[in-house]
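What follows is a set of structures to go through.
Next come two complexes built around chain A: one with chain B, the other with chain C.
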Partner chain A sequence: MSTTPNGFTLDNSGRRLVVDPVTRIEGHLRCEVNVDENGVIRNAVSSGTMWRGLEVILKGRDPRDAWAFTQRICGVCTGTHALTSVRAVENALGITIPKNANIIRNLMQLTLYAHDHLVHFYHLHALDWVDVVSALSADPRKTSELAQSISKWPKSSPGYFADLQARVKKFVESGQLGPFKNGYWGSPAYKLPPEANLMAVAHYLEALDFQKEIVKIHAVFGGKNPHPNWLVGGMACAINLDGDGANGAVNIERLALVGSIIDRTIEFIDQVYVPDLQAIASFYKDWTYGGGISSQNLLSYGDVPGVANDYSASSLLLPRGAIVGGDLSTIHEVDLTDMEQIKEHVTHSWYKYPNGEDGLHPWAGVTEPHFELGPKTVGDKKRIEALDEEGKYSYIKAPRWRGHAMEVGPLARYVIGYAQGNPEFKEPTDKLLRDLGLPLEALFTTLGRTAARGLEASWAAHKMRWCYDELIANLKAGDSATANPAKWEPETWPKECRGVGFTEAPRGALGHWIVVKDGKIDNYQAVVPTTWNASPRDAAGNIGAYEAALLNTPMADPEQPLEILRTLHSFDPCLACSTHVMAPDGGELTQIRIR
Partner chain B sequence: MKKKVTTFYDVMEARGISRRDFMKFCTTTAASMGLASSMVPQVVHAMENKPRIPILWIHGLECTCCSESFIRSAHPLASDVVLSMISLDYDDTLMAAAGHQAEAILDEIREEYKGNYIVAVEGNPPLNNDGMFCIVGGRSFLDQLIEVSKDALAVVAWGSCASNGCVQAAAPNPTQATPIKKVITDKPIINVPGCPPISEVMTGVLTYILTFGKLPELDRQGRPKMFYSQRIHDKCYRRPHFDAGQFVEKWDDEGARKGWCLYKMGCKGPTTYNACSSIGFNEGTSFPIKSGHGCIGCSEENFWDNGPFYERLTHVEGFGIESNADTIGMGVAAGTAAAIGVHAVASAGKQLTKKDAENT
Partner chain C sequence: MSETLVLGIGNLLWADEGFGVRTVERFNQLYHVPPEVRLMDGGTQGIYLVQYIMQARRLIIFDAIDYGLAPGSMKLVRDREVPCFMGAKKMSLHQTGFQETLATAELLGSYPQEILLIGVQPEELEDYGGGLTPTVEAQVERAIEVACETLADWGHEVVARGPAMGVAPLSPDGLGLVG
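Entry: the complex of A and B
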């Protein structure tokens, strides 16, 4: 038994359980826990098990191409890395973008929020709360009554739910259960009545059909989704409202399509997602686990600049700042260029630092791969049965803000916004807590994380409407510029420069740090949300958000990792994002030192 | 296989879809695949008699854009594909089970449906570090891929990662990320490149296999000819501006606002084989060129290393639309590769046909 510097008691003497693969996430994550004789989790180990080396691939390339490479870090939070990248390059090269480009980028980022949160809730997270098989025993009439009591969403008749139930029944009876095969159906950890399960299953399918509509906004401005196109200096989607050739540009038909999608998105999120979230939460109010470090340390860089080219906290619609030690009365300023604030540690990560440094800022970052297992590992380098968390155990580094492990994501944004007294975040939070009869502390749980994401989806959908109105107003005022080509050519760039770009990805704070030399990328580093949340232990022994959140959770049946999935999914893990640089051919990666 | 066979029609019937609507669906499906109306009865027969084929969808080094694209499919809807057309028994992105319960499914399907399931691969295996740059269930993804593919009927390589290597295989390819075709050499492989591939191309490939009981005809790179035989340039609505010499010269200039050709802005449409300019993305909403940005050639081999994206292609001649991937720049070796490809497809087709006979 030991206590970590950030105040968590770890005991690895109990039975070891391994969950690998952790499914319904992006990428490859392994989780190991020790449970005591009562099935309560007393030790937790989070391990990122994939690594691609994108940042080293970027070395020597054209900075204007970097968005396309970094966008491929993740196809789920598609676009957010590209946006972060163009911001980093523009920051380095001193490029400003037109007002319309800022509005369109915001609209695309908010589109991602609405889509990503919705798909996460229904398709990656819901099955942790919803028992599909139980839905078969629901009374369609009562399901209809339930649905109509919480929302005016029109697809709610007894006949609709009866048809849906028949479809699911036939599917289950076929014996080919597809993605529902070997699920944890019937587990006592499921708390919803059959009617709520049936309603949720119906909306799982409706959301699957609807989500593809939302991202058509990316297609209008970026040509496709996943992976729309971006541009250093603005957006490539020229606007031509009624002139010669308007049919080949963003014109009134395209804008009308965007407007109609925004209306339907608001409708679906407010009439399906949020009521479902609230209904499901009402049955799990007693399940108060999973808070981890959320009641202590939270971090957000902020995003959605209301004023083009102004990335200061006052311009950002999503809050910026850090909370430390659970003191909501002090919001610390966050500076991504301060070499002392953000540092990455590798003591327990499959990397090593050549000079034995304790932690390095991304601009001075060194990443040298070092796949090595601790002496207490069960298995070997080709077949890992159980990891040794006293040694190196993850491809994820351990980023720290002023030495603190931080949680990032929707909950961090909402709590920081709440603590700042911003009514856009405070009022919906207070209302939800009031409706559920819960205190503010209830936010610092697995369910609180999931609830913040749902509220944020609604916030994002309504902000999409605000952006759209702003775009139309600016066009009315006669400004139709979308790109600033003044510094497009490399001859106009400084010989050597560096920059940083940031966004709030749906999963949390995201930063890209770039060094440009002689027109080429000299160094590129990304510190992503899942690196913060899924972080392994650091040199001092502080545990990260995933590991802390799993502690002290009782498992209904340790053979069925339902509670582990529930809490991990509440963070919306994205493992492809969290991978880092490696050296070519396994050799040392020469790294540029920034003075 | 002793299990009760649920056909596509059974499922539709159970959903209260009338015979009349079912026939209409088959007609639409046939039309969407460019088939003559005389082929409709064949589609109907297939839909009425085929069991839902198990698909094991595994993930290597990737970004999940292929899965995301797949669920964007509008015709057929992804929900219909998953519930009614295939049996998506393993897909770590969507499946309810995790850990041991998830891994057990791989073994079960391999045993129960030996030779009669399809492996869909998203991403690719890294070969460096003994494959341990991508670990699943404590072992390398490379091991998983080889094991799971061993008893498969065919392998579908989704996207540019699985087909060509894609971004993690870009120079210097630090993990030695390797396309599926270089690791699995004894199975028919259908490459469906693109980053991501078009949603309806992904579901279209599956619909074709399920409907006609055979694999689609492939080109020498193992890509379905129906979607990858022509260049984006050939079907581009901005092509007349190329021919007329009307080009975008600068971002947001007059040409950009008039929808002129993006060739001078680095568009790779003239060297990229894909269906973007005809089918489009997101239910035909757009494709990169239509939104004002050049094509980056994301379905082509080594597209990350084929020069900066904004550098204009050289040596683009006005060769005609009758040219295709098999005839441009190909040497004698191409003939051999094509012959092997055809043989592999023929074997798979036979197996599928045999299976059908058992079930009917």
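Entry: the complex of A and C
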């Protein structure tokens, strides 16, 4: 047993469980826990098992191209890395962007929020709370009554739910569960009545059908989705209100499409997502686990500049600041250029620093992989059965703000906004807590994280409308500029300069730091939200947000790691987290059970 | 609504896992298809492909499939059998395999009338950053021939690109803007 400097007691004497994904995309997250004889998690180890290495790829390249590379870090939050990158380059080179470009970027970022949060809730997280098989025993008439009691969403008749139930039933009976294959159906950890389960399954499918509409906004302004086009100095889309669109410019017809998608997005989020969230939460009020460090340390860089080229806290519509030690009365100022504030540590990460430095600010950052396993590792490097967390154990570095492990994401943004007394964040939060009969402390849980994301989806959808109106007004006033090419040519650049770009990605604070020398990238460091949240221990032994959030959670059945997935998914990890549980001998412990 | 969708899926970064994407790219270089046929690099988009599946009356899929056969073996699977062969691997968006994507299209109430899966047994999947192995590469042209024959059976006129015909980019009309 040991206690970390940030106040968590760790005990790795109990049985070790490994949750390791089998994915081949965005990245890999592995999680190991020790459970005591009562099935309570007493130690947690979060490991990124794949090297990203983009920093190395970018060295020596043209900074104007960096966005296209960094955007490929992730196929889910696609545009947000590109936006962060163009901001970093513009900051380094002293480039300003036209008002329209700022509005369109905001609109694209908010579109990403609405899409990402919606898809996350229904398709990556809901099945941690919703039992699909239980939905088969629901009474469609009572389901209709439930749906109509919480929302005016029109698809709510008994016939609609009966029809859907029949389709799902056919699937389950044929033995192919389709999208619902990866679930621990029948687990006692599921608490919803059958009717709520059926309603949620219906909305799972409706959300899947609707999400494709939202991303069309990216295709209008960025040419395509995923991976829309961006531009250092503005946006690549020309605007020609009177054009017929054949020349590729955004015209009035395309803008009308955007306006209509925004209206439908607001409607779906406010009439389906938020009511579902509240209904589901009302059955899990007793499940108060997963808070981790959220009641202590929270960080947000802020985003959505209301004024073009002004990235100060007063311009940003999403709040900026840091909370330390749970003191909501003090919001610390965050400065990404202060070499003493953000540092990345590699004591427990598979990297090494040239002079063995403890931590490096990203401008001085080094990405040199160094894979070695601690002496207590079980297995070998080809097949790791259990990691040794006293040694190096992750390809994720450990970023710290003034030495503190921080949680980033929607909950951080909402709590900081709340603490600042900003009514846009405080009022919906107070209302949700009041409706559910919960105290403020309830925010600092897995469910609180999930709830903040839902509230933020609604906030983002309404802000899309605000941006859209602003864009139309500016265009009608005769300003159609979307790019500033004044410093496009490298001859106009300083010989050596550095910059930082930041956004709030849907899953949390995202920063890119760049050093430009002789027109080429000399150093590039991306510190992504999942680096903050999934970070391994640092030299002092502080544990990160994921590891802390898993501690002290009781598992209904350790072989069905539903509780682990629930909490990790609540962070919206940028790494897929699979549902396979491996035994220490490498054999699979658990198959999906259908009861 | 596109009449017929020819979809290559997989992850280019993992050697033979890129078979589907490489094949549809090569198909596009070799042949010109009529407007009712759409060629698509589906990559690892997984569940986000559901809208395109729902819009297709007929579907051809190129993919690396673990059939348990000798490396490089090609096997054709049709219609209702297709999902049974596509559940083994998890290569796409947040664990959503293509089997789930097909099932979701059906749950959403729109499913292709005919599906042909042109699958090749991979030899090497773990060579991160590697290209297709020669064994699997050797099946690319054969897979394209099979697809051409099937498209002809379905009444689509596929024309070999002459030297004078340029190659159109794959799916040029903006992913995300259909429907």
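Operating definition for what follows: the second predicted complex is superposed on the first by the 561 of 595 C-alpha atoms of A that agree within 3 Å, B and C clash if a C-alpha of one lies under 4 Å from a C-alpha of the other, contacts with A are read in each partner's own complex, and residues count from 1 in each chain.
Everything below uses one rule, namely that contacts are C-beta pairs under 8 Å (C-beta built on N, C-alpha and C of every residue); 3 or more make two chains touch, one makes a residue touch a chain.
These numbers were taken from a predicted model, which means no experiment stands behind them.
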First (chain B), second (chain C), both or neither: which does A:61 touch?
-> first
Name the contact category of A:19: first (chain B only), second (chain C only), both, or neither.
-> first
After lining up the shared chain so the two structures overlap, which partner does A:11 touch, if you call chain B first and chain C second: first, second, both or neither?
-> neither
Counting touched residues of chain A, say whether chain B or chain C comes out ahead.
-> B
Is A:127 touching the first partner chain B, the second partner chain C, both, or neither of them?
-> first
Could you tell me if A:485 is touching chain B, chain C, both of them or neither one (first, second, both, neither)?
-> first
Once the structures are superposed on A, label A:216 by its partner contacts, choosing first (chain B), second (chain C), both or neither.
-> both
Chain B and chain C contact sites that coincide on chain A, given as residue numbers | 21-25, 75-76, 123-124, 167, 171, 176-179, 181-182, 205, 208-209, 212, 215-216, 218-220, 223-226, 576
Which chain B residues qualify as touching chain A in the complex?
-> 3-4, 6, 10-11, 14-16, 52, 54, 59, 61-69, 71-74, 77-79, 82-83, 86-89, 91-99, 101-105, 126, 128-130, 132-141, 166-168, 170-175, 177, 195-196, 199, 237-238, 250-253, 256-260, 276, 281-283, 285-293, 296, 298, 304, 308-310
Which bits of chain A are touching chain B when the two form their complex?
-> 18-28, 30, 49-54, 56-57, 61-62, 64-65, 68-69, 72-76, 78, 119, 123-124, 127, 132, 163, 166-167, 170-171, 174-184, 205, 208-209, 211-212, 215-216, 218-229, 231, 233-240, 243-250, 257, 369, 371, 379, 381-385, 395, 480-485, 488, 560-561, 565, 576, 582-586
List of chain C residues in touch with chain A within their complex = 11, 13-14, 17, 43-45, 47-48, 50-51, 83, 87, 90-96, 99-104, 106-109, 174-177, 179
Note which residues of chain A are touching chain C in the complex, please.
-> 21-25, 75-76, 123-124, 167-168, 171, 176-179, 181-182, 205, 208-209, 212, 215-216, 218-220, 223-226, 576, 578-579
